[in-house]
Structure formats: C-alpha cells, structure tokens
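You will see two complexes here that share subunit A, one where it goes with subunit B and one where it goes with subunit C.
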Partner chain A sequence: MLVAGVDSGSIATKTVIIEDNKILASNTLDTGLDPRRVAATTLENALKKAGRKYEDLDYIVATGHGRRAIEFANTAKPEIMAVAKGARTLHKSTRLVIEIGGQGIRVIALNPDGTVDNFSTNDKCSAGTGCFLDAMAFALGVELKELGDLSGTSKKPENVSTKCTIFAESEVVSLVARGKGKEDIIAGLHESVAKKVASMVKPMLQKTVGNVNTQTDSANGSKVFFAGGVAQNQGVKDALEKVLGLKLYTPKNPQTVTALGAALMAPKKG
Partner chain B sequence: MATKPSSPPTTQHLKPADPRIVAHLKQEIEYLAKNNGGIQGLNYFYEVFKEVYGNRVRELEQAKRDGKKIIGTFCNFVPEELIIAADAIPIRLVCGSQEPILPAEEVLPRNFCPLIKSSYGFTLTGFPHFDLADVIIVPTTCDGKKKLSEMLSEVKPTWVLEVPHTTETPQARELWLKELKLLKKQLEVLTGNKITGKKLKAAVQLLNKKRAATRRLYNIRSGQTPKIWGRDALMVTNLGLYDDPVRWTERVNKLCDELEARTQPVAPPDAPRIMLTGSPIVMPTWKIPVLIEESGGIIVVDDVCTGSKGLWDPVEVSHFTMIDMLIGLADKYLMNTCPCFTPNTARMDRIFALAQDFHVNGALYHVLQACHLYGMEQLRVERALSELDIPVLNIETDYSQEDVEQIRTRVEAFIEMIQSKRAVKTGQPTSRPQPVVTKPVVKPAAPQDDGTPLADRILKPPGQA
Partner chain C sequence: MPITAGIDIGSTYTKVVILNDLKRVGYGIVPTGASSEQASQKCMDKALEMAGLSREDIKYKVSTGYGRRVTTLSDETISEISANARGSKWLGRELGIRTIIDIGGQDTKVIALDDNLDILNFAMNDKCAAGTGRFLEVLAKVLDVPLDDMGKISLESKNPIDITTTCLVFAKSEVASNIANGKKKEDLIAGIHRAIARRLIVMAKKVGIRKEVFFDGGPARNIGMRKVFEDELGFKINVPKFPQIVTATGAALIARDKLTK
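Coming up: the complex of A and B.
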C-alpha cells in the first residue's frame, strides 16, 4: 500500500512516501506564501524520487498547520498525534516526544503502549521555536544552519535572560554592541530555548521517563525523542540535554517525523 | 456599597452598536442555526440573540418610557431578584467581541483581560444597553471589575457591590448580607418602589423557575444520546443574561419539550463528552465551543459564568419573610463557584460531581489572557479531575481569531487522545466507522500526466479550495 504523508508546517512543508510502512522517499521545501502549491510540489518531488506516480498512491494524509487547506489529501490529522506516531515507529522505547517546529513546541507523553497520554504546546508566543532562532540568526548576520556549529565553539555562553523573540533581538543587539562573541551569544540563545522547552517537559518527565538519574546514558536507549526542524540544531540539542539531565534520541531526519507519522496513520487496506 | 458621584444621566439619542460587532454576532448565530440538527425550539433564541442590540434595545427603551429603571450588571453576583422586585429591569453588560478592544487599549493596559477591555471599549463606542442603564452595579469579583467600576463611574452612576473574599467565615457572610440589605434600600430610593415581601417572593419564584428550566435542559444533556450541541445550549444560557426572564424560561421549557420527545442525536452517541470550564465564554467569540464540536467532541456540561454557573442553584427559602428571603439570596449568591473566593473547594467539588453526573470523558479549561483567578485554579481542577482519570486540555486565549487554527490542532489531538484511551480501556476500537481503503478515494481525479507540474493537475484554482 503506497501512502504519502504531507506535513504543511508554518515554515517548512515535508512529504514522506511510504510503501507497506517502509520509507521510500521524502522532500522538504519552504512553505512560503502558497502552502497548497508547495505541498503539491513536495509531493511531486517525493514521488519522483521514489519513482512512483500520483495515480499509484492509495492514500494521502495531511497534517500540520495548513492541513485543512490540502484538498488533495484523503484525510487530515492533527500534527500532535502524527509526530507521536512517527516517533514511536522510528524508536520503539519512546515515552516522551519533544518536537520543535517553525512556530510550535509540542511535548507529548506516551503510554507504555504508545498511545498519547497527555500533551502540551506553546500558546501564541513564538519563544523557543524555529522562527525565534531564525530571527536571532538574522540579527547576528549568520545562516540558520550555521547556528549549531557556531555554538559548539563557544567557551563561555552569554546569559540571554529573555525568552521573547522581540526582546531577545534587542538583547542580542546590545550583546553584540558590548563586543561579545557571536558563538557565545548563540550558545546563550540555545540555552534560553532549552530552558523554555524544559519548563514544558519537566512536568511530564516523572510519569513517562521516571527518575532521570536511572536513565541509560546512551541516546539510543533514551525514552525521549527529539523531533522537528530545530532538532537539526546540535547546539539546541546539547543545551536541552544539559538542562534536562538526560540524553535525547534524534533520528537521521528529525524534520520529517511528523510527515512520516501522518503517512503511518492512513487506514489499512481492507 | 458606595455611590460614586457622577454627572446627571442625559437622555441622549441612543447610539447604535458598532455594526462590526452586530455582523460578527449574526455570523456566529447563522453558523449555529445552519448546523443545529433541525431543532425548531432554538430558532427563538437565534432570533432574539441576533437582535440583542436591535429589538431588545427597543424593548428596553419602551420599558424606560413606561417609567421602569434599567440596571446594568456585571457578573453573576448581582442579585437580580432585588432588581426585579423593585420593578426595574436587570441587563448584563458584558461584551465578547474583539472590535472594542482597540479603543479600550488607548486607555487601559494592553496585557489585560479581554472581557474587561471589550466591555469597557464598547461603552466608548456606543453600547446601547449601557447607555440605557440608569445605574451600573459592579461586584468586586476580580481586579479587572474593581477598577472597571471606577472607569464607568465617570460616565454613569455606578454602585460597587462588595463581594467577600471567602464564603466560610461568619463575618464574610455578615458583610454580604449587609451589602444586599443596602442594595435593597438603594434600589428602593432609585426606583421609588418599595421592595415588599410579596414582590420579592414573586421575583425569587420567577428566577427559580428560570433556574429550574436551565437544570431541565442540562438534565437532557446528561443522557447518553446527544440531543443538542453544547454550543447551542451555551448560546441559550448566554442569551439568558440579556433576555426577559419570563419569556426566556417559557422558551427554554418549550425547547426541552421538543428535545425530550426527540430521539435523533445531533452527534454520534460515542462522541467524547466534554466539560467546558474556566473563564466566561461570551458571544460573539464562540471559537472554543465551536472548535470542540467541529473536532468530534460534544460539550455536555459546563462550569462557566455564561453557562450553568449562575443558573445552577435555586434560592432556597422556607418561610417567605423578608429576612429569610434576604438570607436565602445571600446564601445562593455565595454558592457561585467563583475563583474570586479563597479557598474555593466548592468549585472543585462541583466540577467533580458534574464530571460524574454527566459522564464526562475530558475537560477543556479555558483561560482568558491575564485572567489570573481562573489561571491559578487550573492546576487544582486538573488534580480534582485526575482522580476520575479525566484529562484536561488547557487553552489560554483571547477574543481574536488569529489562534483558531493552533487551538484546533490541540483540540483535535485532545479528542483523538480521548478516543484512543477509551479504545485501550475497553479493548474495543471506537464504534465510529473508520474509513476503509479499497481504492483511491476522495482524491480528485488528476487529469492525464501531460508533463505539467502535479500541482496544476491536482489543485483547484485558488478561491475554490
């Protein structure tokens, strides 16, 4: 059974093609101003990579911010359920999913059987999300993709006290004016993101992961799955591991976990 | 209670309500009317609500010409029995629209309760109910209302009704009883009508009938078959704040007659049963109830001020002497399970009982931005409901529409979570038919692959989506 999962996020659109629960291909593009067309284009690109035709698809599941606008999908699923499904499928021991996307932070607690037990998300505020980091990269004149590597070279992270995107930008500007190194400012920003996310994660840790000290020290044994575009940033991952005191499991392509999960949510052929 | 000095009321030409508010209200009502499952008894409420700033205002104007006083009230703590017994008309002054917030923010702090900002902003741009009112009564139930009363007193005679912080001490109950006695006197002076025992008894009985009708409607909703959408039921109780109580009660009972005879459900019988609690939900901002029910849930009960809260408990009087009735009134109004009280265990007990009686599967806790009292009680409610293994979804929002899709994602996930939990618990998948794929369905048939981008073949032109 050939299924496509299309995740129309606020910043990036991701499509994953699976056949009988195996990933064939994926494609990611910026969502831009025409989410419907971009969604169709990622589908087209992914199909091309997989060497399949649109007509061969049995089912299309849409998810993400723009899921309701994707009229060519058979069904639309909320991304919270989709990312949970994707994470659990990629990493069996997952009990807690942390997903940081372009504008959303989602923390999802899973029962031992993989069903969703509880979840929390950010409200309107964009603090700690991908677009927060995007704005900071712009303020510092670096590429978004460089943030992770740059912060890795920091010796002494600066303290960025605010979590608000707008205020943090002015704080960054004043740190730059005081002659602070870019890498230290970026490392400080990553810590600020980690603290914001940790405040959402901590209330759910006890029930899902238990006492963090008893956690195995390897990422592969971790019960905490880190997904979303921001999970590609090693600096955020390191900072989050430090604040939470545990290792995170991150798949090879954390950005497409939600699209994969959506595809896996297609009803089985009857 | 203190009367604030003010300029004499002017008999100005009444300014109509902001047409954008009226348009939004009509749009929400029309959505409800279109999707109500064909319940005839709701039409009255739709019609009156659409005209709440039109025909209802003309009714009030007529009453005023006939010599009646109009008393504008904020919040469920104003004992309307006293107002009615003084031959005056109570009308709730509360606005749920985003539109008046901008003018209000020119004066008020921005990071503040939208209900207060909206209600105050409405008075600046022409709020017919407010403009018609002879006196405004503002209970001291939250910081927003306390300071609002000072702002309003600059343009209207405003009476501050002191609500105690606790319900449990004798001095608190004593204070509250004294406030009601004073209010009675002030109403008598304002209207020139004596509140006699006979009149007060009639008013108590009248409003108790209103409460009994409300209970009847809720009782129908406690049954396994969802006979009315929660968003419609909440609209009915919300209208109860503005409508004539006799007429409203009669129509609610008629609606109940129809619903009791009805067998056809409005939603699948296994739709997750949701309790709505938290900050007030006021027309025309109906996004929360609509989102819950568009996402596959059904609101079966609530604990919000515009819903069951003020209409749940009757005034209990055994001997209809004046003092007995006043004590009965005082007791009833302290039974409002409002987070302005500390401790507020009554609210936890109420929510716990409602959750059991209405077979609730999940609760949505609604907090208006900067509503600290409801925000602070979130955790206690969550704890109370966790004893029943009922999950709670916390939503903080305001009157704007910008977060509708974000909230939709969370509500949809919440409903799915409840369904999957139930499936695990019972070992049975939900009885809702799951789509079974035998061949490609719904996917629009794509025209032949002629080498053009896929998007051109499968997307409808913009605007037809």
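Coming up: the complex of A and C.
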C-alpha cells in the first residue's frame, strides 16, 4: 500500500512517501504564501524521488497548520496525533514528544500504549520557535543552519534577558554593538529557547519519564523524543538536554516525523 | 519659582520637558538610538533652545523611563509609573481621571487612581511586544505605510479585519498573507488598532476601568487608536495635546515638588 503524508507547516511543508510502512522518499520546501501549491510540489518531488506516479498512491493524509487547504488529500489529521504516531513508530520507548517547528512548540505526553495522554502548545507567543531562531540568525547576519555549529564553539554563553522575539532582536543587535562574540550570543539564545521549552516540558516529565539516572541515561534509551525542524540544531538539543537533565532521542530526519506519522495514519486497505 | 526638567528615556524615544512656574516652556523629542546618554544630552539641548534657557537655569532634573540610570544629566531617578501618573493627573486635573492607559515603544501600562488621585494599582507589560508601539511600527512597515498615516487611513475602513494572532512575529505573517490575498490596507490597519486596544483593555480590566480614562504615550497621537478604544469601551476617552511627553512632564513636576517642599 503506497501512502503519502503531507505536513503543511507554517514555515516548511514536508511530504513523506511510504510503502507498507517503509519510508521510500521525502521532500521539504518553504511554505511561503501559497501552501496549497507548495504541498502539491513537495508531493510531486517526493513521488519522483520514489520513482512512483500520483496514480499509484492509495491514500494521502494531510496534517499541519495548513492541512485543510490541501484538497487533494483523502483525509486530514491533527499534527499532535501525527507527530506522536511518527515518534512512537521510529522510537518504541517514546513517552514524551517535544516538537519545535517554525511557529509551534508542542509537548505531548504519551500513555504506555502510545496513545496521547496530554499535550501543551505555545499558541500565542513565538519565543523559542523556529521563527525566533530565524529572526536571531538574521539579526546576527548568519545562516539559520550555521547556528548549531557556531554555538558549539562558545566558551561563555551571553545572557539574553528578553524572551520576546521582537525585543530579543534589539538585544542581540546591542550585544553585537558592544563587541560580544556571535558564538556566545547564539549559545545564550539556545539557552533561552531551552528554558522556554523546558517550562512546558517539566510539568509532564514526572508522569511520563519519571526519575532519570543521569549516569546511565543514553539517547537511544531515552523516552523523550525530539522532533521538528529546530531539532536539527545541535546547539538547541545540547542546551535542552542540559536544562532538562536528560538525553533526548533525535531521529535522522526530525523535520519529517509529523509527515511520516500522518502517512502511517492512513486506514488499512480492505 | 525654580525651573526644573524631566527626562524620559524610553526604549524608542527620549523626551525632555522644561517647566517654569508650572508652565511647559520647552520640550524635545529625539530617537533614543544606541546611547541613552547622547540622546538625553541632545534632547536637553533642543528643549533648552525652545525655552531660550541655558543648562545653568535648570535647578533640578529628574529622569525616568527605561534608560533613566544611563544618563549623567539627572539629579534623581523615578519610576515611569510614578512619573506618568504625576503628569497625567496634572494635565488632566479638570477631567476627573481614574484610569490611565500609557502605550510606549516597548511597553504598556495601565494605572488605576483612587478618588484622591493616588495610585491604587497598576499593570505593566514589558515582556511581550504585542500591544506596544513596536507592534504598530513593525506592522506599518509590513504594510508599507508611514507610521504617522496609520490613524488617518484606518478611519476609511468599513470592515476592519481581525488580527487573530497575538505575537507580533505571527501577526507580521498574518498581515503579509492578507495583503497577498488582496485585502484592503485600511481594513487591516483598523484591525491592527483594534487588536492593540483589546489587549490593553484586558490588561485594564485587571486593575479596573473607571471613568475618566486618560490615554497617553506616542501611539495616543494616532487618531485611529483613540477611536477604537472608544468603540471598544463604549465611551469617550481623553487624550492630551502632547501625549508623548506626559511622562517627561510628570518627571519635571516631581523635580519641582522636591524643590518647593
């Protein structure tokens, strides 16, 4: 059975093609101002990579912020369910999912059987999201993709006192003007993201993960799954592990976990 | 009577007011920029020039605002809440003010006064850009409309478009996509003003809104802002002639209080 999962995020659109629950191909593009067209393009690109045709598809599942605009999908699923499904499938021991996307932060607690127990999201504020990091990269004159590597070289993270993206932009500009190193500012920004996310994670930690033995804790044994575009940033991951005091499991392609989960939610044939 | 000055160093603009015998004889408004010290010096010179006075004539200076400690000009500092309340009470002394709404470049304040005009309670937001002057400034840029024209243009709107997001970063995307979808600028601007007013009113309700309401700060110059406040509240509000220098005026009055005590 050939299925596509299309995740129309506020910033990036992701399509994953699976056949009998195995990933064949994926494609990611900027959502821009026309989510419908970009969703169709990611689907075409992913199909091409998989060497398949549109007619071969048995089912298309849409998810994400713009899921209702994707009229070529057979069904639409909420992203909370989709990311939980994707995470649990990729990493069986997952009990808590942290997903940081372009505009959204989602923390999802799972029951032992993998069903969603509880979740929280950042609906109103962009602090800690991909947008926040994007704005900071722009203010610093560096590429978004470089942030993780740059912060890795910091010896003394700068304290960034404002949480608000808009105010942090001004703060970053004035830190640069005062001669502070970019790597230290970025490390400070990653800490700020980690603190914001940790404040959402902590209330759910005890029930899902319990006490973690930091001596024996490992990424592969972790019950906490880190997904979303921002999970590609090693600096954020390191900062988050430090603040939470535990290791995070991150898959190879954290950005496409939700699209994968959507595809896995297609009804079985027959 | 001693001549005094109030210096209000805000995140966006620095304002100086010179007071002589309970009259404002000079004022200055300059962008704060990177140096509060430089901005306050420059602003003081402007105000002195208007007043036809020199630095020695000023007997006492009180600074307030976000950068109040970063200037060598002042003899004393005071919080913005105290300075704003002092200025508002004096400027609106014949109005019977009980609630003050002050919107700054990077913060918003609501001050509740009791019947003796003492500060009863206040609420302040300086953590989030939503509802601040920055919200207007950034969205004016997205709309490609001069900030000072926002008010006038919004009055042409017949169907304001609600801004559904709170965060300014999200509102930027929302406004951009509305423009891409062919929505009218006047409707978007009216919606932006309404979003700010609603946010402020939620804050104001926490401290209690009682008439009369006094509205000041830079965005109070915006006629559209004032109109939506009145629409949302259902009654008229009071805006002083120079809403941007109310806090600096209050600081100058506090300086005068010190000398005449």
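Here is the rule we use: the second predicted complex is superposed on the first by the 266 of 270 C-alpha atoms of A that agree within 3 Å, B and C clash if a C-alpha of one lies under 4 Å from a C-alpha of the other, contacts with A are read in each partner's own complex, and residues count from 1 in each chain.
Here is the rule we use: a residue touches a chain if its C-beta (ideal position, glycine included) is under 8 Å from a C-beta of that chain, and two chains touch if they have at least 3 such contacts.
A quick note: this is a predicted structure, and the numbers were derived from the prediction, not measured.
Overlap between subunit B and subunit C is detected when the two structures are superposed via subunit A.
Of the two partner chains placed by superposition, only subunit B is touched by A:40; subunit C is not.
In the superposed model, A:135 makes contact with subunit C only, not with subunit B.
Once the two complexes are laid over each other on the shared chain, residue contacts for A:124 go to subunit B and to subunit C alike. For subunit A, the partner touching the most residues, choosing from subunit B and subunit C, is B.
Contacts of A:163 after superposition on the shared chain: subunit C is touched, whereas subunit B is not.
In the overlay built on the shared chain, the residue A:143 is in contact with neither subunit B nor subunit C. Contact with subunit C, but none with subunit B, is seen for A:174 once the two complexes are overlaid on the shared chain. When the shared chain is aligned, subunit B comes close enough to touch A:269, but subunit C does not.
Between subunit B and subunit C, the overlap after aligning on chain A sits in one stretch of 9-17, 99-107, 279-287 or 315-323, namely 99-107. Common to the subunit B and subunit C interfaces on subunit A are residues 123-124. Looking at the complex, you find that subunit B touches subunit A at residues 391, 394, 396-397, 402-403, 405-406, 408-410, 412-414, 416-417, 420-421, 424, 434-444, 446, 449, 453-455, 457-460, 462, 465. Residues of subunit C touching subunit A in their complex: 11, 34, 106, 127-129, 134, 138, 165-170, 173, 176-177, 180. Interface residues of subunit A, counted against subunit C in their complex, comprise 10, 33, 103, 123-126, 131-132, 135, 162-167, 170, 174, 177.
Residue ranges of subunit A in contact with subunit B, taken from their complex: 1, 36-37, 40-41, 43-44, 47, 53-55, 57-60, 65, 68-69, 71-75, 77-81, 104, 111, 113, 115-121, 123-124, 266-270.
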